[in-house]
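The structures considered in this document are given below.
Two complexes, one shared chain (chain A), two partners (chain B, chain C).
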Partner chain A sequence: MEEQQVIAEKTQGSTAGAVTRTVHTDTTSKWFLISSVSYFFIVGIVAILLAAKFVWPELLGTVSVLTYGRLRPLHVNGMLFGWLLACDMGLAFYYVPRLCGVRLWSEKLGCATAGLWNIIILSAVVELLAGHNQGLEYAELPSWLDLLVVVAWVMFGLNIFMTIANRKYTQMYVSLWYTMGTILWTAFVYLTGNLAVLFATGVNQANLNWMYVHNAVGLIFTPVGLAIAYYFIPKASNAPLHSHRLSMIGFWSLAFVYVWTGAHHMLHGPISQWLQTIAIAFSVMLLIPVWTVVYNFFATMKGQWHMVRENVPLKFLMSGVVFYLLTCFQGPMHSLRTVNAIVSKTDWIPGHAHMAVLGAFSFFAIAGTYYVLPRIFNVELYSNALANWSYWFLMIGGLGFFVTLWLGGFWQGWQWNNPSIPFIDTVVALKPVWIVRFFSGILMFAGITTFLYNFMATALSAKGRSAA
Partner chain B sequence: MLNRIDIDAKVFVGAALVMFFIGGTLTTVVPPMVDTSWSKPFENNDPSKGPTGKLLPYTEQEKKGHAIYVREGCWYCHTQQTRTLLADTKRSGWRGVDSPVSTPDEFVYDSPHMFGTKRTGPDLSRVGGKYDQQWHRTHFKNPRDLVPGSIMPPFPWIANNEEEFQALVAYLQRLGRAKNWRPDNDYEK
Partner chain C sequence: MDYTYPSVFLSYFLFFLFLFGAIYFCIRSFRRGYWGGESEDVKFHVFDEGDKPNGR
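This part shows the complex of A and B:
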């Protein structure tokens, strides 16, 4: 009980700036956020193009650099690394120094990291469109870019760890554990998925590849996403975190359970049965870290729910928590052999993946961005109404996207399991689903556009003011 | 220890890595040592044990075809695994004969592996010998000319480049051919 109050005071203390005020320049944070939000928009265009190709397969069909197979890796890598991870890093550069009660260890190093990250993303665009694809999911980037990613990650990690080492408060708040976990695990997960795979072939290589793919979500985007949620939910709702102990259980069960589950991407496939069974057992155990975390968030919100109506960051946060709960219920269910036999390899899966990466983790990142934006630029948000619009566009577009793909994917899986239905009939049957997905995508893109506009207008008004 | 874990960063780092490496090692390093079929190429001469045949390494031309398959992202829409599901063995089958399921020893020379995760198009693990060259050429020019309603993209730059086209078809025609399972060796060229 006492512990919780310490944390609560600490998290609140830093906004109120009650005691000794540490002045944060937040330059690194600004650069990461500006670039990530721009990539969100640019890669959003690619996303729309992909959705359109499902409806009009000949669209730009004779242009080799714009064929589906080259745009898809650009979409996935652009969203994961250009938008989401960069935004998460930008937010970490904001909350880590505040939770430690000190300034960021080195803004110079931070800005260099942001510069390097932009070089990586822009080079990735060129390489992927040229078809220089390594042929492994999430690990499409050629090796020289992987190497730069490792360098950038070490620069990021060093800055964060040194800030934590210099911290003023002894006890480390949950968000700090999750951030440190992300940095450590990502290093090994990334090396497995991008380096170790090159020394393996066949099923062995696939197993390493899935370990990486699964943990890119589970041990990179999940922990850093939760770090953000753990920091911004108490902040935005002005309530102390419900339980420190529960957050410990959530963290350590995540640390132990997640890494075992990679083989569930090959259920019924050519990989050892016993490994499939282990993956299934651990996938089901994932419910433990998820439910403890979600319970903790909901309990924190007790008595504060009325704030959701007026507060855009809180809207994104709590919708993100619900999507997180749902997506992490789907995951363990898909890994059951009977369910997997229906949904695996269908359009259900992109529905599920988008709920995780867009519905949960991007919502957290957008919430954090809206929250820190006025604080790092020291101005009012350009428009609260526009922010609200961006929420509803993303929410309705997102729901349209998820729900139609689940229904369509389930139906598709059902049809596949009846071999008397010719494959092409199962393609034609899904056309209405892809049309709805395309229009949902347009709505989501409208959300991204308003988000970007609001962001830039806020940043520019700060610039205008300081010039005046 | 438990009460030091959130005040001592060094203890924390140690614990986080230990937790990770237990599962990490047991599920990535150990399995290929336990299950040798992951690295032993398929070979069977005894018809009583199932289909006979031998997995051969890729020829230079097939390797080129594989590289094109990677470059154009065919693997985002096509899987290469006949799973242990009845419907998969029927869909991969040929003239009423069910296909054998895919086994790890059929993929030993694959790098990057092309198992795939999404079936926007049909599985290709047994497509070798299903269609002849002329069919593939027409299909790559515009899939809808052969299969109305298809959403596969056109690939005119492959169909019109003889070297690339031959390489890609050579690769496709070898898929799933290590196991001789079709009666009378009935394969299209």
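This part shows the complex of A and C:
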């Protein structure tokens, strides 16, 4: 109650003298969200097929477009760029103008960006299924699509930066810092990982590629994911952020620490020992920004935890925070040479990666989508019960997936470290793990389906109402 | 023609460009009052009702 009074007083203070309220049309945000949630569902089908292929390798026979080698890059790129980054961009188009107290600089440019982004994703589907693949992790897209991504990103960045430049407040909330960081860091990470890497060879190429892969998560999806969490946790819980100064420590420590960690993917590989040691040291230092972020979120929720029971966006947000803490504890531990010798290249890695990208950042994106959906379409959410179902499907399916793969990965790693066990025996031994993975995937897909249905039903009810 | 060194040095160049940019803006954030006594006011921007959706 006391905090709500403070919010009311501060809000009155900051809007005193305002004659008119800013009206947001949110057209860009709607287009990005509609397309991203649709890709989440479509690429989810691909994910199920891939999980099934682990259990039944002969599934879908030898049809080339349906082989594992074609579907896997489609799943990775589709989820990262078709679903998650597009959804994050849609949410950024929602919260950036509001945090700046002005309208989006250009809705037309925003809609053009959404159109170009859809052309890129649909072209990527065709190219990847046709087998046109650069053969580099996360950088599979052909160069002409990479260039279109750069163009789209410049359009996105220009719109966001111009909106921020026109802001009515002098100081910027932490979500704006993280969003600007995402735009600039993506320029560096994407250009290095997709263009510079093509001209390098051997170990240098591998090193650049792993720097890109790790920073795609750490300097693209992490900052924009945290920007979303920093905006929606106070909004959904109706409580101000515990400490803005602490959030600044988190931001700057992420900025200075994260970029050095990529080489921990090359531990025990043919790169210099000093480079491996630097990557390990900075990976462990990541605990600093992670803990500042997580402490800030938990402290913000003090006295507000009862709201998690009824509030679906808050459920997703706080579960995402817990997954963020867990995955960011795993990361530094995995970068230690002794642990890495067991889990590297095993199924532990997809368990860890899915907890980051799905458990933390997709949960933040889903929470943001559920929060903005009734507001941008100006209608009630179609079904709160269905939203709850989508949460539990994704939560239970996700936990089954993550935990099974961590345990299976350790088991696999210990077997690989025993030279008396033939490799094929280690593959056969993991079949029970992959069966659980498949059924966990079915549950997660049920969560995605209910999320999509709820989203579309809400959007269509708004359309029907405006037609009437 | 081996492009390994030009590509790696391009990456180093980008890296240092962003490193110096980060140092510059970090120092600037101190000068702009993000770490001082008034730095907590900014967190109430989230609740500023400038966000009237769709003319509602």
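By our rule, the second predicted complex is superposed on the first by the 448 of 468 C-alpha atoms of A that agree within 3 Å, B and C clash if a C-alpha of one lies under 4 Å from a C-alpha of the other, contacts with A are read in each partner's own complex, and residues count from 1 in each chain.
Going forward, contacts are C-beta pairs under 8 Å (C-beta built on N, C-alpha and C of every residue); 3 or more make two chains touch, one makes a residue touch a chain.
The shown structure was predicted, so the numbers you read here are calculated from the model rather than taken from an experiment.
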Which superposed partner A:Ala255 touches (first chain B, second chain C, both, neither): both
Which superposed partner A:Arg70 touches (first chain B, second chain C, both, neither): first
Most chain A residues touched (candidates chain B, chain C): B
First (chain B), second (chain C), both or neither touched by A:Ala341: first
First (chain B), second (chain C), both or neither touched by A:Pro234: second
Touching partner for A:Arg98 - first (chain B), second (chain C), both, neither: second
Contacts of A:Gln134 with chain B and chain C, given as first, second, both or neither: first
Which superposed partner A:Thr277 touches (first chain B, second chain C, both, neither): neither
Partner chain(s) touched by A:Trp185 [first = chain B, second = chain C, both, neither]: both
Partner chain in contact with A:Met172 - chain B first, chain C second, else both or neither: both
Residues of chain A at both interfaces, chain B in one complex, chain C in the other: 170-172, 184-185, 188, 192, 196-198, 200-202, 204, 208, 211, 248, 252, 255-256, 259
Contacting residues of chain A [partner chain C, same complex]: 7, 10-11, 14-15, 18, 21-26, 98-99, 101, 168-174, 184-185, 188, 191-192, 196-202, 204, 208, 211, 231, 234-235, 240-241, 243-245, 248, 252, 255-256, 259, 375-378
Complex contacts: residues of chain C adjacent to chain A: 2-4, 6-8, 10-11, 14-15, 17-19, 21-22, 26, 29, 32-35, 39-56
Parts of chain A lying in touch with chain B, wherever the complex brings them together: 53-54, 57-58, 61-62, 64, 67-70, 72-73, 131-137, 161, 164-165, 170-172, 177, 180-181, 184-185, 188, 192, 196-198, 200-209, 211, 219, 248, 252, 255-260, 262-263, 265-266, 268-272, 275, 278-279, 282, 341, 345-346, 349-350, 416-419, 423-424, 427-428
Complex contact set, residues of chain B against chain A: 5-7, 9, 12-13, 15-17, 19-20, 22-24, 26-28, 31-32, 34-35, 38-39, 70-77, 79, 81, 83-88, 90-91, 101-104, 106-122, 142-144, 147, 149-157
